[in-house]
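Heads up, the thing below is written out as C-alpha cells.
Labels for the chains are A, B, C, D and E, by order of writing; each one numbers its residues from 1.
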Amino acid sequence: MDQILLSLMIFVPLLGMVVVFLLPNDREELIKRVALAFTLIPLVLAVYLFIDYNKSSAETQYFVSVPWIDTFHINYHVGIDGLSVTLLLLTALLGPICVLASWRNIEKGLKAYMALFLLLETGMLGFFASLDLFLFFVFFELTLLPMYFLIGVWGGPRREYAAIKFFLYTLFGSVLMLVAIIAVYLRSNIINDVAEGLRTFDIPELIQRATVEGHALGDSKFQMWVFLGFFIGFAVKVPIFPFHTWLPDAHVEAPTAISVILAGVLLKMGTYGFVRINMAMFPEGLDYFTNGDGFLGHSLALLGFINIVYGSFCALAQTDFKKLVAYSSIGHMGFVILGLAARNAEGINGAVLQMFNHGVISAMLFLLVGVLYDRAHHREINGFGGLGNRMPIYTGITTLAFMASLGLPGLSGFIGEALSLFGAFQEFPLLTILSTIGIVVGAAYFLWTLQRVFLGALNPKYEELPEINRREILTLVPLGILTIVLGIWPNIAIDMFSKSVTNLVNIVSI
Amino acid sequence: MVVPLISIILLAPLAAFTIFALFGLAKRSFPRQDILSTAAMLVALGCSLYLLNETSDPKPLTVEWLSLGSITLSMGFYLDSVTVIMLIVVTLVSSLVHIFSIGYMHGDPRYPRFFAFLSLFSFSMLFLVVSDNLLGIYIGWELVGLCSYLLIGFWFEKDSAANACKKAFLTTRVGDVGMFIGMMMLFKQFDTLSLYGTDGIFEAVRTLEAGQIAWLSAAGILIFCGAVGKSAQVPLHTWLPDAMEGPTPVSALIHAATMVAAGVYLVARMFPILTPSSSLVIAYVGGITAIVAATIAIVRFDIKRVLAYSTVSQLGFMMLALGAGSYVAGLFHLTTHAFFKALLFLGSGSVIHAFHAMHAHHDEEHADDNEDEHDNHSLVHEHGSEIPPDQDMRNMGGLRRKMPFTFFTMLIATLSISGVPFVFSGFWSKDAILGGVLERAMGWNSVHHYILFGVVLLAAGITAFYMFRLIFMTFFGEPRNQEMHDMAHESPWVMVVPLLILAALSLPVVNKWWFKEGYINKPYQAHVHEPTHAQLRPDSKTGDTNFGFSNFGISEAEAAEEEGGHDTEHADDAHHGHGPAHTIAMVLSIIVAGLGILLSWLFYHKRRFTAESVATTFRPVYTLFWNKYYFDEFYNGVLVALTVWKSRLFAKFDLSIIDGIVNGVATITRAIFAAFIGFFDNRVIDGIVNRVAKVIWSVGGRVRRIQTGAIQTYLFVVLGGIVLIILIFRVL
Amino acid sequence: MSLQHYLVISSILFTLGIFAVLTRKNAISILMGIELILNSCNLNFVAFSRFVEPAKNIVGRDDYLLDGQIIAIFGIVLAAAEAAVFLAIILAIYREFGSIRPDEVDTLKG
Amino acid sequence: MDFTLKTFIFYGFALLTIGSALAVVTLRNIVHTAFALMVTLFGVAGLYVFLQADFLAATQVIVYVGGILVLILFGVMMTSGRLEMRIHIERGQLLLGAGISIALLMLLLTVIANMPVWKNLTDDGRSLEPTTEQIGTMILQEKFLLPFEVVSVLLLVALIGAALISRKEVRD
Amino acid sequence: MEPLKNIESLAYIIPEIVLVVFAVAVIIFDLFVKDNESDWVAYLSLIGIGCSLIAIFITNSLVDINKPISLFLGMIRLDGFAIFFKILLLLATAATILFSLRSEELDVRLKGEYHTLLLAVTFGMFLMASSTNLLMIFISLETVSLTSYILAGFLTHSPRSSEAAFKYITYGAVASGTMLFGLSLLFGMAGTGDITQISSQIATVLESGDVSALGVLIAITFILAGIGYKIASVPFHMWSPDVYEGAPIPITAFLSVASKAAGFALFLRFFYTGFDTPEIIQSIDWRLLLAIVSALTMTVGNLAALPQRNVKRLLAYSSIAHGGYLLMGAALLTPEGLGAIIFYLIVYLFMNLGAFYVVVLIANESGSEMIEGYRGLSSRAPYVAGAMAIFLFSLTGIPPFAGFFGKWLLFNAVISEDLYWLAFIGLLNSVVSLYYYARIIKAMYLESAEDTDIFSFSKSTFALLGVFVVPTILIGFLNIFYSLSKKITLP
C-alpha cells in the first residue's frame, strides 16, 4: 500500500485532468471544486509522506521500480529522499493554493485551464519523485507544454512572446540535457573500455557506478562535458545568468497562479535537478567548476554571485511590481547556486532550505501582486501610494512577505540565505562578501516598493479599493505560517533532508 | 525557575503582538490592545526584577536549533548580570513608554497597532538581550530593526516618515551586512556561533595563535559594523535624526533607550574577541561620533532632533568607553543614559503633545504638500531640514509655568546628561568614561587616548551647552508663539507619571536599591580566565573594574575589596591606575559642564550674545554644523546615485551589452551567410532571442529564396549538388 | 572499339542530356534531354553486357552478361511510359498556363 | 589500332550520335531538334548493332523512333501554334549549365579512362549468337519475369494516368 | 540461402498480387457504377488494403523473420524489414483513402482512377521495400514515381496541381535518369545487378586504386540522386515543397509519409546490404557523407519552414526536416540506427498523417490552407485544435508525445557512434522547429478569428482523428514498439 502512495500522488492530478475534461463546460463552479479536490489529494498524500518519511535514514524510501521500456532498460522508478519529499510537499501545497488563486480571475476556458494546471502538477510531482533518468527527463519536459499554454492563453498582453520565449529557452536547455542523458546512458556499462552488464537509466545505480574505479562514467573529462550539458539544461530553468531573460517576461505575462507555480516550483526543478544529477552523479565535473584551477575553477560560485547581484540590481530598477518580484527571484536563486557551489554541509543544506523557502515566499509575493492587480488592473509601482491606509491587512501580509524575502531573521528567508552564505564563505570568501551586496540591495528594493505602494498619502484613485478578501487570505495564510514557523524552527525542514545532504556531501567532497 | 521566567519575559509581549495579528487577519482588532500590551510589559518587568538574584547559572537553556550533519547551531539563553540589567532597563523603559503612550497616542486611528508594534519590539529586544549566541543576537538585531522600521513609519502618510523608516532600515542594514560577514568569518574559523561555554567562541578564541590576530581584528571590526549601524555611529548615524519622524514614545524607547544601545551591548558582549586594533577603531569611531553629533546638535531647532543628535553623541561616548576598555563605564552609561534620555524624549513628547491640536492641523497641511511631491520618487529622500512647527523650539518658550511637571522632570534629565556633579547619575557614568579614557591614555602612555580624551571632554562640554540651550529655549523666557502657547497644557497623568518615575531613576540614590555594588564587573570570563584581549595588550589590566555603580556613594576601597575578592591581581593594577586619572577627569568634566551651562545661560537666557552673531562670525563652521557635515548629501549624491545608476545600468545591460555580444555574433554569421546567399537586412534588433530568431529566420528566408519556383533552378541544385558532393569527397 | 569507346560516347550523351534539361526553355526540349540521358544509360548497360565479365554465382547464364541488354529493354519501355506521362502533363500545363516554358510555371515557390 | 571499315563505320555512328545530340541541345527550332533527336536515336541503335545487341537495336528503332519521337512531335504540335519557337536563353544559365555538364563529363571521363576493371576490354570481333531468343527466355521464364510483370502494371498505370491528365476537362 | 524460383515465389507475393487485382477491380468496378457520389470505390480499395494486410500476416507466418527468403531468383526479398514497411505503407494508404473520402477538393468523377493509382503506387512501394536487384530497384522506383506524378497532378482543373505534376515529373525524370546512369556504372563495375553480391564485387574493384573509388563514388552519388529525391534530402529536396503545396492534401500526406518511408526502405536496403562493409567505408566515408547530408537536410527544412504561411507548405518543409532526422539514423549504418528509423517511421506515420488530416479538415471548413485560417481554432473546433497541437508538439519532439521518443532513439543511436556534432545539430534543429510549429499553435490558441462560427465535424471524423491521436500519445510508452524496432534487421 505504501508503495503505491507515491505513484498515486503523482497521477491523481492526471486523473483529475481527465475528470475535469469530462465535465460540462458551463459548470464552472463544479470544475473549480473538482480541480481543488484533485489538488488537495496530493497535498494530503504529501503531508502523509512528509510525516511518515523516516528522517533518520538517508536511503530512498517508498521506491517503486517496475520495468517500462525493457529494450532500453528504462524503468518506472520513483522514490523519495529528504530532498524530494520536501519539494514534493512544496509542490503539493502550492497546487490547491493556485487553484484557489485562480478562482475568480480566469475569464475564459476555465475547464482547459484547470485541466492543464492539473497536468502541470503531475509533471512537477513526477519530476521530483522520479529516479530514472529517462523518466526524469520526460517529467521535466512534461511541465513545458501546460506551462506554454497557461502563459500563452491566459497571460497578459504580451503573452505570446513570453510563452514562446519560455518555451524556446527551456527547450534549448533541455535538448542539451538530452544529449548528456544519452551519453550517460551509453556509457553506463563501460568499465575500462569494456562493456559489462546492461546499460541503465537508473539514477541511484548510475551514481553508484560513477564511483566504480575505471568506469567510463567516472572519467573526469567526460564528467565535465556531461555536467555542462545537464547544467545548461537546469540553468535555463533556475534561471542562471545569462539564461535568465525569459523569466521576467514569463512572470509578467503569466496569470497569478502560474507565476506562483513558475517561481515556486519550476525554478526549483532546475536546482533540484542540479543537486540530483549534476552534483550526485558528476562530482568530478562539479569539482572542475567549483574547485578547479584557473578561469573555470570558481565559475559556479561566480555565476551564483552574478545572479545575486544582477538580479538584485535589476529588481531595484523595475517599476513593474511583478517584474520586480521576478528579478528578485533571480537574485534569490543565486543564493542557492552559491550555496551549492560551496559543496559543504552548510552550503547545501542552506541551498536546499532556500529552495523550499523561496518557493513559499515567492509564491506569497506573486499571490500578493495578483491580489493588487485584480483590484487595480495595473502593476505600476509608482502608480499606487498610501495603500497601507486603505488595505491594512494586505499591507501587513505584504510586509511579512517582503521581510521574509529580504532575509529578515526570524522568517524563513533568512536561514537558507545565511546558511548558503556561511557555506560559501568557507570556500569563496571574497565572492561571498561581494554577494552580501545582494542583501542590502534586496532590502532596498523591497523597502522602496513598500514605500511607493503602501506608504505616503493615499492615491485618491484608490480610495475605494477593496481590502483583501477571505479567499485570498486563505491562500496566503498557510504560506505565511510556513514562513514564520520555518523561520523560528528551521530544523523541521532541515531534519528532513540533512541526512540526504550528508550523503551528498560525502559524494561531492572527493 | 530561570528558564520559565525568561520564557515569560519573551512570550508575554510576543503574545500581545500575536493576538493583534490574529485579530487583524480576521479583519478585527482586539478591544483593548493598549492594556494588553502594557500588561504584558509589566509582567515582563516583574519577571526581570525577580531575575536580579538568579544569575548563578549563566547558561540555563541551550537547544539544538539546526543540525547539519556534523555541525550544529544551537539557541539558548545566557543570563549574567549584564543580561539582567539590560532586561530590567528594557522592560522598565518599555513599560513606562507603554503607559505614556496610552495618553500620548490617544485618538490615533491606528492606536492598537502602535501597541502591538511596541510589544513586538520589546520581544525582539529582549530576545536579543538573552541570546547566548551570535545568530540569536543577529535575529533579535534584525527584528528590532524591523520594528524600528514599522514604528518610524507609523505615520506613513507623511512622506518624510515613509522616507525615514526606509532610510533607517537600509542604513542599519549596511552595518548588519558587515556584522553578518564578521559572523561568517567566526563561523568559518570555529564552526559555531555560540559565544559561551566550552565549545563557544570565547573559549575557542583563546587558542588562536599570534598569526591570526589580524584576522580576528577584522572579524571584530566587522561585528562592530553592525553596532555602527544600529547605534548610529559615524558614518552610519544619519538615519537616527530622521527616525524622529516616528511618534515620540518610539523615539524614547527605541531610538534613545534600547535599540540604539543594542550596539553598545553587542560590543560589550563581544569584548573577549576584541583585539587592541579593533578596540582602537571602536574608540575612534565612538569619539568622532560623540563630537560630530554634539556639534550638530548645537544648531538644531527641532526639539527632537536636538535630542536625537544628543543620543548619537552619547552613544559615541559609550562606544568610546568600550573601545578604551572601560567595559563597565560603557555599560553604566548605557543604563543611565537609557533613563534620562527616555525621560528627555518623553518630556519633549509631552511638550509636543501640548501642541496636539496644532499637530493635527499641521498633518493636513503636510499631506497637501505631499501631493505635489508625489511623483518625485527617488530611493532616498532628505526631509530633515523642514521642521514641524510643534517641534520647533523657536515656537516655544516660557512653558515652565504651563507644564510644571514636564519642566521639572526634563530639567532633572538635563542636569543628568550635562554631568552636573554628584546627585545625578549621568555625572557618574560620564565621569567613569572620561576617567577610563584618561586612565588608558596614562596607563599606556598612548597618544591616541589623549586625543580621544580631549575630544570627549569637549563633547561633554558641548553636551551641557546644547542641552541647556534646549531647556532655556523651551521652558524659559517669553512665549515666542502666543497662539501655540495658549493652547499648551500640562499632559494627563498617564503621561506625567512615567516622567516622574524616570526622573527618579535619573538619581543614583534611586538606582542604588536594585543595583548591587560591582554587579557589573567584568566582561565574560574575565575573572575566570585571562581575557584574550588582555593577553594581547601591552599591559593586562582591564582598568575599569572599580568604577561604575560602586561610586554611588560607596567608598572606593570597599569596591576595590569587593573586586579583589574576585581577582586580586587586577585590583592591584586598578588601584595604582585609576586614582589620579579619575580625579583629573572628574575635575575637568565638572569644569566643562559648568562652562557649557554658563555659556548656554549667557546665550539663551541672558541673551548676552546672540547665536546669530556667532553664527555669522563662524559662518563656515556654522554651515558645516547646520548641514550635518553633509553626510546626507554625500550619501544621496554619491552612494545612492551610484546605486540607482548601477541598477539602471544593469537593467540596460540586457538591452545593450548582451545584445551587443549577440549582435557581434550575428554580424559574423551575417558575413558568412552573405558570402553564400546574398545580403542580409540591416535592421537594428533588440533582444537576444529576437536577434537569434531573426538571424535564423532570415536564413530561413534565404533558403526559401532558392526555391524560386523555376524547375530548372531546382535541377541546377540537384546536379550542382552531385558535382559538389563528388568533388568534396573525392577530389578535394 | 573497346568498352571505353562506348562509355565515352554514352558519357557525352548523358552530359548533353543534362545540359539540355538545365538550359532549354521548352518543356519538350527538356523531355528530349531526358531521353538522351536514358539512351546513354541504355547504351552503358548494353556495352557492359557485351564486355564485362559476369560476377560469379550469378543466377542464369554465366558466360555472357545478357542482363544488361534486358535492363536496357526495360529502360526503353520505362522511357516510353515516362514520355507519355510527361507529354500528358505538358499538355495539362499548356492548358492551364498557356505556355510550356518551364520558367513561366512558377506560381509555387518560396 | 588498325583502321578497318568496321572502325570507320563505328566512328561514323559515334560522330553521328554525338553530333546530332549536340544539335538536339543547341538548335532553337523545336522541330529541328526533334529530328536531330531522331538521328541520335538511330545512331544509338547503330551502336547497339556494333555491340551485337540485335534485338535491342530493333526495339530502339521501333519504340523510340516509331513511338516516342512521334509522341514528342505530337506534343510539339499540340502545344505550339507555330512550329518555330525561338526562345532566348539567359547567358548565365547557359554558362552554369555548361559548367555543370562539363564538370560531370570530366569526372566521368576520368573514371572511364582510368578505371582498371574497364581497361583493355576490347571487342574481340567474335560474333555472338542472336540474343532475341535468350532474351525471351530470360524475361518470360527466368529471373526477369517479375520485372516484366511489374512493368506491365506500370504501363497500365501510365496509360490511365496519361489519359486522365491530358483529357480536356469540361468545366462546369 | 537459395533464391526461390518464379512459381515457388508466387505464394509469397500474395499481398502484392491482391493489390494489383484490386487496382484493376476498382477501375472496372468504377466503369459499372455510375453513381459518382457514392463512396463504394473507396470502400472497395479499403477492402483491398485489408485483404493485402491479411495476406501479409499470412505470408508472415510462412516466413521466419530471422531467415529472409529471396524470391524470383533474387529479384526481391521477403524479410521482417520488408514486412514492416509493407504494413506501414498499407496503413498510410488506408489513411490516405480515408482522408480522400473527407477531402472536398478531389473530383468525384475520377474516383476509380484515383483509387487504382493509389493501390498501384502502394504496390510499387511494396517492391521498393523488398527489391534486391538493380533493375527491380529502378522499376519499382519508376512505378512509384510515375504514379505519384499523376496523383500530384490529379486536380486537372487546378493550375497548382498541374504545376506540381510538371515540376515533379521533370525533377523526377532527371533524378531517375541520373540514377539509372549510376546504376549502369555500378552494374558495369560489379558485373551483376544483385545488390547482395555487389558489396563483395565492389570491394574487389576498390582494391585496384583511387580512381575506382572515384568511380564508385560517382555511381553511388548518382544513385543517391534517385533515392534522395524520394526521401527529399538536400540537395535533392527542392521539388517537394512545390509539389506538396500543389498536390491534393491527401496526396501530400501520402507523399510525405508513404513515399518517404518507401524511399527510406530502399535507401536502407541499398546501403545496408550493399555498402556497409568496412572496406567500402574505409575507402569512401559514406557515414560522413550521409551525416552531412542529413545535417543539411534538417537544417534547410527547418529554416525554410520558418517563414511559411501556408500550412501545407510548412508541413512540406517540416517533412523535409524529418527526412533529415531519419537520415541521421541511416547515416550510421548500425543496427541501432536502423531500429531508430523503424521506430521513428511508425511515430512519424501517425503524427504527420494526423497533422495533414487536420489540414484536410480545416481546408474543407474554412477553405484555407493558410495559417490565418487556423486562428481561433481552439474555440471554433477545440478537439481538432487539441489534436493538432498534439501532433505538432510530437513533431517537435516534446515529451510525452511519441515524437520525442522517436527522436530520442535517433539521438541515442547517433551518440552511440560518438557523432556528437550531428546530435547537436539535430537537437538545435528541434528547437528551431518549435518556432514554426508553435506559430500554428499560436494561431490556434492565442489568436482569435474574425469569424467565430463553430466548425462541426461528424463523429467518424473524430474517430479517425482519435486513430492518430492515441498512438501519438501512447507509442512512446509501450515497450512493444521498441522491441519491434530492435527485432527488425538487415543482413
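Quick notes on this one:
Keep in mind that, in the parts below, contacts are C-beta pairs under 8 Å (C-beta built on N, C-alpha and C of every residue); 3 or more make two chains touch, one makes a residue touch a chain.
Please read these numbers as outputs of a predicted model, since none were measured by experiment.
Counting hops only between chains that touch, chain A reaches chain D in a minimum of 2.
Chains joined by the most contact pairs: C-D. A centroid comparison over C-alpha atoms places B as the chain most distant from chain C. Comparing mean CA positions across the assembly, the chain most remote from chain D is B. Measuring from the average of all protein CA coordinates, the nearest chain centre is that of A.
A separation of 36 Å divides the Cα centre of chain A from that of chain B.
In whole angstrom, the spacing between the mean C-alpha positions of chain B and chain C is 96. Mean C-alpha position of chain D lies 31 Å from that of chain E. Chain B and chain D, compared by their mean Cα positions, are separated by 102 Å. Shown for chain A are the residues in touch with two or more other chains, namely 168.
For chain D, the set of residues that touch two or more other chains comprises 93, 96-97, 100, 104, 107-108, 117-118, 142-144, 147, 151, 154, 158, 161-162, 164-165.
Looking at chain E, one finds that residues 73-74, 135, 139, 142, 146, 149-150, 153, 156, 162, 165-167, 170, 174, 178, 185, 188, 214, 218, 241-242, 307-308, 435 touch two or more other chains.
Contacting chain pairs (ordered by label): A-B, A-E, B-C, B-D, B-E, C-D, C-E, D-E.
Of all the residues in chain C, the ones that touch chain D in their complex are 1-9, 11-20, 22-29, 31-33, 35-36, 39, 42-43, 46-47, 49-52, 59-61, 64, 66-67, 69-70, 72-74, 76-85, 87-92, 94-95, 100-101. The touching residues of chain C, when paired with chain B in their complex, are 18, 21-23, 102-103, 105-110.
Interface residues of chain B facing chain C in the complex, by the touch rule stated above, are 704-705, 707-712, 715-716, 719.
For chain D in complex with chain E, the residues that touch the partner chain are 107-108, 110-111, 114-118, 141-147, 150-151, 153-154, 156-158, 160-162, 164-165, 167, 169, 171.
Those residues of chain D lying in contact with chain B across their complex are 93, 96-97, 100, 103-104, 107.
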